[in-house]
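Same chain, two partners: subunit A is paired with subunit B first, then with subunit C.
Moving on to the complex of A and B:
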């Protein structure tokens, strides 16, 4: 307990508890080795000079048997870039399950009638439904035939193939099948080696997805579209219509979106996305690779933005306007903020008396646990603890720690693409002098400060939280609302505490932008003040003693 | 249009499944394991499997679904998952302390060829399994069969690991309910109780996946088959197994292992299938059917006669799991409806196909049956000639909306409505609910489509 001694000088308090004691409680039940590993993934936050925060172990192997939230590489790969993209056929090469579970189970809304060909394959599930004979004799023949059948039945303009666990083991070469079928059919066909066992979480799948979309799609269409202030919105998945709300605000400001990775997305927009002049990153974890590669190959800078929270939205819009450095846009953005904010403020001032001081915990994703703190802060709620499911140290501590991150065996197996400036298409959008000037104005390029610097001292940061720790945190702190996903929802609610799903939004939303913020305030008001939690005890449990009995007749 | 690329033209497909009507074995094994009291299901594979299965079951039941995983990495996939499973067993007993860990395999661990009994023996030898605790297993390769196969394999594992002839024959009857809702399991038990019969059900997910809100979370809820009951199934008088695909393997294994004879019947969905269930119980236990059940039967029949005019001749399309689809087809035919398109996702064999053909042979329409089909094919049939009613899981609502057909949710998964885990569709009471749902769907459509002139107050 060495780090406990170090902390003794400053005894921090978290909701009247000593966070170090709480941490020790969380670890007490674990076998020694497990406790040692988990103790590096559970950190008491302390923000020092230059936003320095304690190191947290993350993106490390899941402990067998501990029960957590994470999914696999396939889930991250199929889910992130192409799953929400409507005009491509995604074939899962494997037994039926993986395709089935990823069929319409993320709420990526899409508007197919907004693109010319009106293609939309999102409501479909395509699978090779591998049987034991393919496991024994190989599945390439069936995959080849499945691609042909997909083409014959649906005439898509592109087909992607996703490998599941057994495919890697039996050695099917999906990439050579894809190359062969691409040549034969004359449409874009490419594959993802995203077997579920790769990496330590869905994060590996994000990286693989980013790589392949960059290799096979980005840069195929050089058409420069009409419109001013052209941006790509990266890491925005249009859950509950978030991207539609951001789109509405952008349209009002005059900002043009070339492509969104990936919500309401189209493969045509991806192939054209290198024509944008700025990349905006929402979910840093899942998509920063594409932004980095576009910067290197095409000269498009990226900035981190956040449209979750009214103030965060205003701040992000100002950043974008600052980048383009055009008075017309700066004025327009200010005008839009002035138009939209009063209604948002009115909403939270009305709701705030009912939410002020209520306690929140958030354990979700690779960016949402950070972003949603904005909205809870606006409601005056108190964040006690937060953590990610699949993030890396840079998402917690900020990108400045990247050089010090040790690459372990699991991450080393995920391909790192060598990207160099494109001889014909590399064109830095800003000169080094302009970039310097913008940085001096406070616009940070290729940077994300991470979640921990934004959180209070003494809060508990828990990476890859387990079911045991979840239950313990609830017992200890009795939070007023807990944010996680569907697998955690009902166990938390059995404790009598509402759980807000921050993956699927409990089928509500949008929560992004100004209108989204209002939706979220109302939703949290409903959840923390709902009458239903007050009925848990029956009248006879509240007053078990019979003080008087009815005397009949 | 949601399914805007589905064409009327049907092309032969042999390699590509589109919109499957089945999923993989492990999720069924996980569901069955939850029907053992104090059991933690364990998925021996990469962590994505248990994440997906827990998600699917949670969304269907709106209840906690707890399970663990071996969390294979690339290394484990090369060298085998023994170390991961041993570590998992150690951690699970230390941290969560279940009575039983029920291990099921995945396509990953099956392709590697991990020998689970050997690993369990090693865990035992290493002292990783505390006294009085159990680790059981079922092989559930995802590339064979479907979720029903997985359910069946785990149910059979309960016999393999627990059942014994450890005492004198009891007057008890074993009930293997098949892959049905917790509400159905309660109802099947209630019918036996109503007849004064002592029964042992396995698996039994009632009060596990339809538990109460108490303000106290219990990882291992009150429900589930108890270990001592599973052990004494070998002493029972007989077994009634419901739904051949989900329950036959366990019933046969129990007969072979402990000489407990079994009767294999359809799922008790609808009047006649429930009659067969009640009659089997009566004969096996040697009891009389109580008046209370005769009243329930009479009520169901009464309602059917009242509604029959609206059922007669309605064309129905039906998709789902084999045991449900067969029982439902027979029921629909018995109330004068015409199940004209029938699809199961699981391949259930030629005999099964014949049973469906036999059940529908008197329907005066062309009847299309595909055992081991998918929802794209069903949709294409509908595009060629429509139906009056659709019955299937939540995914069918995309077809229902596009084709504007009344739709009843039935089967697994139901992701968008609540109630199925609380209200049974088996037994006479369940039959009442089923015909109410059918009538509501048919008459809501009639009301919607009526003109102002022929819109009726009384129907």
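Moving on to the complex of A and C:
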């Protein structure tokens, strides 16, 4: 009896508050119907046997009037997944805003010198800049001319066309225009029906991007490149040079990257990516579709890895070596870890006394809110609450819940490709027996355990947090650092709390791998221990009694 | 004599490459951020509010909350009435706003949502509750640029909030400054206060978008034009409206108030440079019946003194200038005073008046050669700049890539400035703003010449 009470007390306490009461507080200002909906998206974590966690409602529509942080389908498709590819000309078919706002704002880095043609179209923003007359009479003619111009000016290998909201409504058939221009120009031209109103967030755009890249690009080039231990790195967008750091470590280990989706990427790498022997998934949410389809069509297994956090990096490297099951690679990986870790350890041992016990909240992305917990754990910091902007239940609770996810109208509207083994190119990289043996050694294929099982009981998991709830959480818990993006940055900092941008890294980085971890520790140290927060109150505000005494005296 | 001013028929291409304009709902959102207690609401899909917030926030480095009616696929088919009403109800319950500014997006415009009808229905359904004034402005991004969105939102606000009634006559002045920086707005208020002129400035985001750190939590950042003052705008002693281009448009808030309420409207250029600022101060003297305070006489004196002293660094320098049309006209007027040749005046807008307004500043008997390009994108601008080889590029931060490629020094003005920390604090207007522009430009030219000299002079 005593035990049970004690256990209950542990579960119900979050930084000396009752998380259930906090949740009730957050919902108090909403009308009943909306409070009911939000209450399913705000969950008090409790990890049970077999890593079972409470169900969280996610990938559902944001309620109108709740100021959230989500982007649209177009943003996920053009901005996130296709944007970082340097040698595809991306044409936004629509009025000017969409193209303009997605022009070089994600800070993806790329290295054009690594391609023979050195093409790099990332600094350019092409838009059909639709006007009234196109909305009325249709924009296909203008799109055709825009594609021709892009070709005449730059002679690219590929052109991609992205539809914005009005395009779907006025009935422009971008796919037939693309087919026609592909034939005419003799280069790859393909379209994405990623109108902003599709799906419930940018997540729909990721799916559409994955489908079209798979349909139009993957598998076009069968050249088997030189190199051992060939992998694709999926869902790594090379913000702040993360992919460069991962590449550095891989090179040291002797692992060859065929393609990265889509940081520092080239369309040639995508075309050839079906020749890799293993798919590694960083951001599960944005890219798991491509991994699943490559598994079915070409027989390439996928594993979830994470290169955010020094320990996580070491663990991921060992997983890769375990998969290839080659002593040379296993030894090499151990050697690299042994070489890299001492410096990392030195950095966090020096910083940790200043960060230990500080409170963190992370509300970001569809993977980052999970991945970055590794780095904060390494600094001895305490995670109070976390959530994603656009993730699905499997990103929270683990892939085991996929069969129980109800497919709603918004998800049904996004095409699911029918994929079957390719008659000529399907070749399972491992036999069923080998796969079994690897699984028995603890390598989990096609699996992601989700964020919640890795978090403490009593922490608050909040999906698609609103600006209003963000402000309330800050008022209640006064965290030492808040992780989100530029939209939340300055409002959080008005409260006197630093905000670390985990979309664009506050223009720093890399944070992946071993060197990235050190960068991150240093930056968090600087942010949570900055002197500026001590200056907020003026001396006369700090000591009102003194002023009063003077006045009285 | 043949006019040397040449109008480039910009757009040799169909596609826009690296646009030099933003979309209309952004301008409207900015206006609503300048009204006290107001929440902007975009009627359409959530990407628009997210993108626009990101852009405004990165420039002002302040919180910018913009709500959205969050269209889904079926909303796009069946219409957005229900979503708009839910959004309005939620905003009222969370924020208790003093005004909700509703700007439409391409999506709701393309499907033809009847927003005024939805708003009437909402008001009817909630007639027993406290409802904030609801201002609707139509801002499809396929019509005009962010500037049309801005001016239309000012007009829509004045139109729907101003009431006839017996307000005590405080002899105030309406001022419609256009899209200028928070520092500019603060300075304008200081000037009006020094002239002892009561005013209604719309918008006024000097505090909401350039606030101090909060000692107490604010649901909606404090500051902004009060709804009460906007309500009285029909009762003002006069209106001031900045922008030579705006003054030629059919509609504006100042013109509407003149027609409807007989409020006299003074159309002025953006007060940049001595001439336009002098005109502004002359109007203030008339409106207030007071002479220009000494503080400003001294500012003007120092400015002229610096024109004289700095002349040797500026004379015959060639500048490529781009941005919103009214900003370009204002800057060109200033350049005309200090011997700088604005060899390229470009804008992504296309009112059709840019060429004439620039020509007015540079009578054709002057030995000037100026390219005026409207409806231009950065590809057009860059190819012209490559041709002309100016000494300096002046415009927003989106021109940086071009400046870097061509190795030409650059001075940042206007919006957006995403690569410097002081966008909100940059001053452009009045004697003081002109002084800052003059100093920044002169120093940039000196810095460049100093750095590229083989000698390494420390004495310039």
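Here are some notes:
In the analysis below, the second predicted complex is superposed on the first by the 532 of 553 C-alpha atoms of A that agree within 3 Å, B and C clash if a C-alpha of one lies under 4 Å from a C-alpha of the other, contacts with A are read in each partner's own complex, and residues count from 1 in each chain.
Note that in this section a contact is a pair of C-beta atoms (placed from the backbone, for glycine too) under 8 Å apart; a residue touches a chain by one contact, two chains touch by 3 or more.
All figures in this text were calculated on a predicted structure; none of them were measured in a lab.
Under the clash rule set out above, the superposition-derived model of subunit A with subunit B and subunit C contains a clash between the two partners.
Of the two partner chains placed by the overlay, neither subunit B nor subunit C lies in contact with A:22. Contacts of A:98 after superposition on the shared chain: both subunit B and subunit C are touched. Once the two complexes are laid over each other on the shared chain, residue contacts for A:471 go to subunit B and to subunit C alike.
Of the two partner chains, both subunit B and subunit C are touched by A:494. Of the two partner chains placed by superposition, only subunit B is touched by A:120; subunit C is not. Using the contact criterion defined above for the overlaid structures, shared-chain residue A:267 touches neither subunit B nor subunit C, since it reaches no partner.
By the touch criterion defined above, A:197 reaches both subunit B and subunit C. Comparing the two complexes, residues 29-31, 34, 61-75, 91, 94-103, 105, 123-132, 134-135, 142, 145-146, 149-150, 164-166, 168-170, 195-198, 200-202, 409-410, 413, 467-468, 471, 486-487, 489-491, 493-496, 536-537 of subunit A contact subunit B in one case and subunit C in the other. The part of subunit A that touches subunit C in the complex is made up of residues 29-31, 34, 61-75, 91, 94-103, 105, 123-132, 134-135, 142, 145-146, 149-150, 164-166, 168-170, 195-202, 409-410, 413, 467-468, 471, 475, 486-487, 489-491, 493-496, 536-537, 541. Looking at the complex, you find that subunit A touches subunit B at residues 29-31, 34, 61-75, 91, 94-105, 112, 118-121, 123-132, 134-135, 142-146, 148-150, 152-154, 164-166, 168-170, 195-198, 200-202, 409-410, 413, 466-468, 471, 474, 486-487, 489-496, 536-537.
Contacts from subunit C toward subunit A in the complex involve residues 13-19, 21-23, 25-26, 41, 44-55, 57-58, 61-76, 83-84, 86-91, 93-95, 105-107, 110-111, 140-143, 145, 211, 213-215, 217-219, 221, 401. Put simply, subunit B touches subunit A in their complex at residues 2-5, 7, 11, 13-20, 22-24, 26-27, 42, 45-49, 51-56, 58-59, 62-77, 84-85, 87-92, 94-96, 106-108, 110-112, 141-144, 146, 211, 213-219, 376, 395, 398.
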